[in-house]
Every structure is written in structure tokens, then in C-alpha cells.
Amino acid sequence: MRVLLFAHLKELTGQEHLDIPSTGPLTVEGFWTRLLDLCPALASQRPHVRLARNWQYAQPGDRFEPTDELALIPPVSGG
Amino acid sequence: MRVLLFAHLKELTGQEHLDIPSTGPLTVEGFWTRLLDLCPALASQRPHVRLARNWQYAQPGDRFEPTDELALIPPVSGG
Amino acid sequence: MNWRSFPQYPEADMEPIDIQITLDRIEDQTSAPSNDPRVGSQLEFRGLVRAEENGQTIVALEYEAYLPMARRTLETLARDLLARHRCLAVRVIHRLGVVPVGETAILIQVASRHRQEGFQFLKEYMDQLKTEVPIWKVRALPLLPAIPDAPALAISVLLP
Amino acid sequence: MNWRSFPQYPEADMEPIDIQITLDRIEDQTSAPSNDPRVGSQLEFRGLVRAEENGQTIVALEYEAYLPMARRTLETLARDLLARHRCLAVRVIHRLGVVPVGETAILIQVASRHRQEGFQFLKEYMDQLKTEVPIWKVRALPLLPAIPDAPALAISVLLP
């Protein structure tokens, strides 16, 4: 499961994306557990980012599939 | 004292302006009395028009001088 | 990289208030160029003549104005609202005479630091223009069935 | 009289929703031509890079996007608000990469029957864009004192 990173999250992690080894569907909570295992530096960002799944903001009850494209969306500032 | 007419008031009166013979300053009420003597057809329009004096809307307490440019402003519809 | 060649913020050279009343087409008036580095928002409104007026299909509207008062009122409104909403510059062009459907009767451009100021300016300017500025739609030119080989004939309807 | 030659209302040929994301300058994009005779209001908003960002004097901002999601979100917002406010057509262009001070980062044009509908569309579109669309100002390029004969040097400040 690929997780895209943007803006200052790229600088923070030194990565443009992270790959969570495939384990079947994940809840939002399960996703965060796996992600922070992989990259503890993101823990401080969790309260500030929204999750997107396949180009849409994720909902609390979502289950993420291994083929989904996930993204961490920090507060936006376009326009 | 010249009184300019616009829009349908020109069609109604057949005039682009009316001239009130000079009599010294006029109150708003005095102005209307003289104007309607001169052109009774305007009586029905009185509730619908505003008075302008020298390019500004007149105030209730104004006194109009013979040299002032008066105008009857029917409801506007620009833009 | 062209941002390196950006001039070091020359003094603002916008005319803060530019009011025009014209018989000419104003389609080709594009955005006021501004090199004022304080400007974060440029808003432009065009009011166009629509094909429908009071439920009737038309091809044009004719506008008339009390010229000196219209100019003064457009300018006073601009000055008051510019100050109230702390905008930086405004340009207003109102067209008079016969304006065909699809063409611009009024153009307003406003530059401000932030968009909210420009939005407020534009909304209030148009609201006040519609009640205060002595300009009138005096005639609607209705759509008539084509008459083959007939000479051109202008027929108009007086607006109330 | 040119109103006589006005075409008899061809079918509207506006694309109702046109979304673009580009690295190019968008200064030269002028008002969307519209020959839709229903249009009574054309509104255009340009968001420009200002010389000040968080109290610091800058010469440019750099924008980044999550491209496919930004495009989808810009389009979904446009479709929802177009329907809600009964507007006729909208065009949105967002520039990415380094945008110098005084240049346009975003351009929005909306055509509607009446101006109120366009005003509402534009206000809500920008409000929602500012919270929902995954585009970021990632870097500010500060104004540095000129160093005679020094090689061009790009220095930037990471935005929070």
C-alpha cells in the first residue's frame, strides 16, 4: 500500500512516498499503527493531516485495500 | 431655473427640460408647486422620482436657487 | 528563473480611481495591468445584455444617462467604498447607447490586498449603482421575425 | 447598426466546466468568450502573489499539488457549486511551481444569468478551495540584498 507525502512532510521524512508491506485491508487505526511503525517521525503530524484514499478524503469507517493509493494531506494553502 | 428630464419623462412631457421662470429661492414644496403648474402631466410621477440639484440628490430641507440645475430622476436601471 | 528579474517593487503606478462613460464597445478592455506588489486580488465584473428583458426576447438595450451626475455618483461611490474596504484601485466603465445582446454594458475591476475586500467592494458597488446612479435602460429592441427583402427597420419598445 | 447583425442565438458553446493546472504563466488568459445569450454576468477573480508573506518581503512563492486529487477536487467543487447557484459556466486555472510576486497563481471565471449567482459561486469556491484542494505554498523566496558580481543564488524558506 503506497502512501504519498506532500509539502513539508517530504522534507520531514526525506521521502516522497512510503510503502506499507501488503497485509490485506486496514482500518484507519490499523493504517496509522503500521505507518508510524514504518516512520515514527510522522507521529507529531498525525493531528494535523487528513487521509486521502484514491484522490478523495477518507471517511472514519473506511477500510483501506492494498491496491489503494493513500496520501497524507497537510493543511492546504492553494489559491 | 432649469429642470432636466430623463428616460420616460422625456416621452411623457415631449421635453428634455423645463424652465421655471426665476422667482428667487424655492423650497422643495414650492418647487413642485411651480413645476406642476408648468407641466401638470408630471403630477403622477412625483411619488416615483427623486430630485437632484447640481448633480447630487436633494435633501428635504434644501432651498433651490434660480441658478441651480435641477433634475427629475426616475428609478434608475443602469448596470 | 524569471522571478530573479522581477523589478524591486517600483512605486505603485495605478490610478486609484478610473471612471469612464462611453458609447464605444468595451469588450476589448482587459484587466488593468498592475505592478503594485501589494495586490493579492484582482476582481472583474462584466454585466452583459441578456436576450431576455421582462420575459420578452430582445436583441439589444438602449442606455441613457444624466452624464455629469452619473460620473460624479460613480466616482463618489468608488471613493467611499474603496476607503471603507481598504481596496487599492478601481476602474469602472459604463457603456451608453444601443448595446447588443451578449455585449458588455458595465465593466468593474477592483484590486485589493485580499479577495474578501474586493468581493465586498464589488457587491456593494453594484447594489448602490443599481439604486443611485442616474443611468437608465430606456428602450428594448425586440427580436422580430425576419422579413425577406424588407428594408432594415428599427422598432423599439419603451421601458417603463 | 451592428445589433441587427447579431446572430439568432446559436446554441451555447461554452464548456460548462473547464479545469486546468499548469506550470505556465496565466497572465494572458483573458475572459472566456461566451456567445450564450443567457449570460448576464461574467466574473473573474485573479489571486496574485503578494510581496509580503508572513510579514516577510518575498519575490516569489512556490506551489506544489497532489495533481490528480487537486484536479478532481477543483472539478467536484465546481460542479457542486455550479448546480447549487445555477451558474452557466466556470473556468479555473491554478498555476504551480515558482510564481513571482505580481503574477497570477489562480484564475477563476464564472458566467451566470445574474450577478448574485456568480458572486455566491466565487466566494464559496474560493472558501472551499482554501480548505479542501490539495495544493500547497511550499516555499517562499525572500528578497535578498543585491550582491554585486555575485553569481545568481537561489535561497528559499520552507513554509510551515
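Read from first to last, the chains carry the letters A, B, C and D; within each, the first residue is number 1.
The working rule: a contact is a pair of C-beta atoms (placed from the backbone, for glycine too) under 8 Å apart; a residue touches a chain by one contact, two chains touch by 3 or more.
Note that the structure is predicted; figures quoted are calculated from it, not measured.
Taking the definition of touch as given, a chain qualifies here only if it contacts chain B and chain C alike; none does. Rounded to whole angstrom, the centroid-to-centroid distance between chain B and chain D, based on C-alpha atoms, equals 48 Å.
In terms of their C-alpha centroids, the spacing between chain C and chain D amounts to 21 Å.
Note: centroid distance chain A to chain B, computed from Cα atoms, is 72 Å.
Touching of two or more other chains is recorded for no residue of chain B. Of all residues in chain D, those touching 2 or more other chains are 47, 126, listed in ascending order.
Chain pairs that touch one another are A-D, B-C, C-D.
For chain A in complex with chain D, the residues that touch the partner chain are 4, 6-8, 11, 52, 55-57, 71, 73-74, 76-79. Across the complex, chain A is touched by residues 47, 63-66, 68-70, 72-73, 94, 105-106, 126, 129-138, 158-160 of chain D.
Only residues 1-4, 6, 8-9, 30-31, 34-52, 59-60, 98-102, 104, 113, 115, 118-119, 122-123, 126, 141, 143, 152, 154 of chain D touch chain C when the two sit together in their complex.
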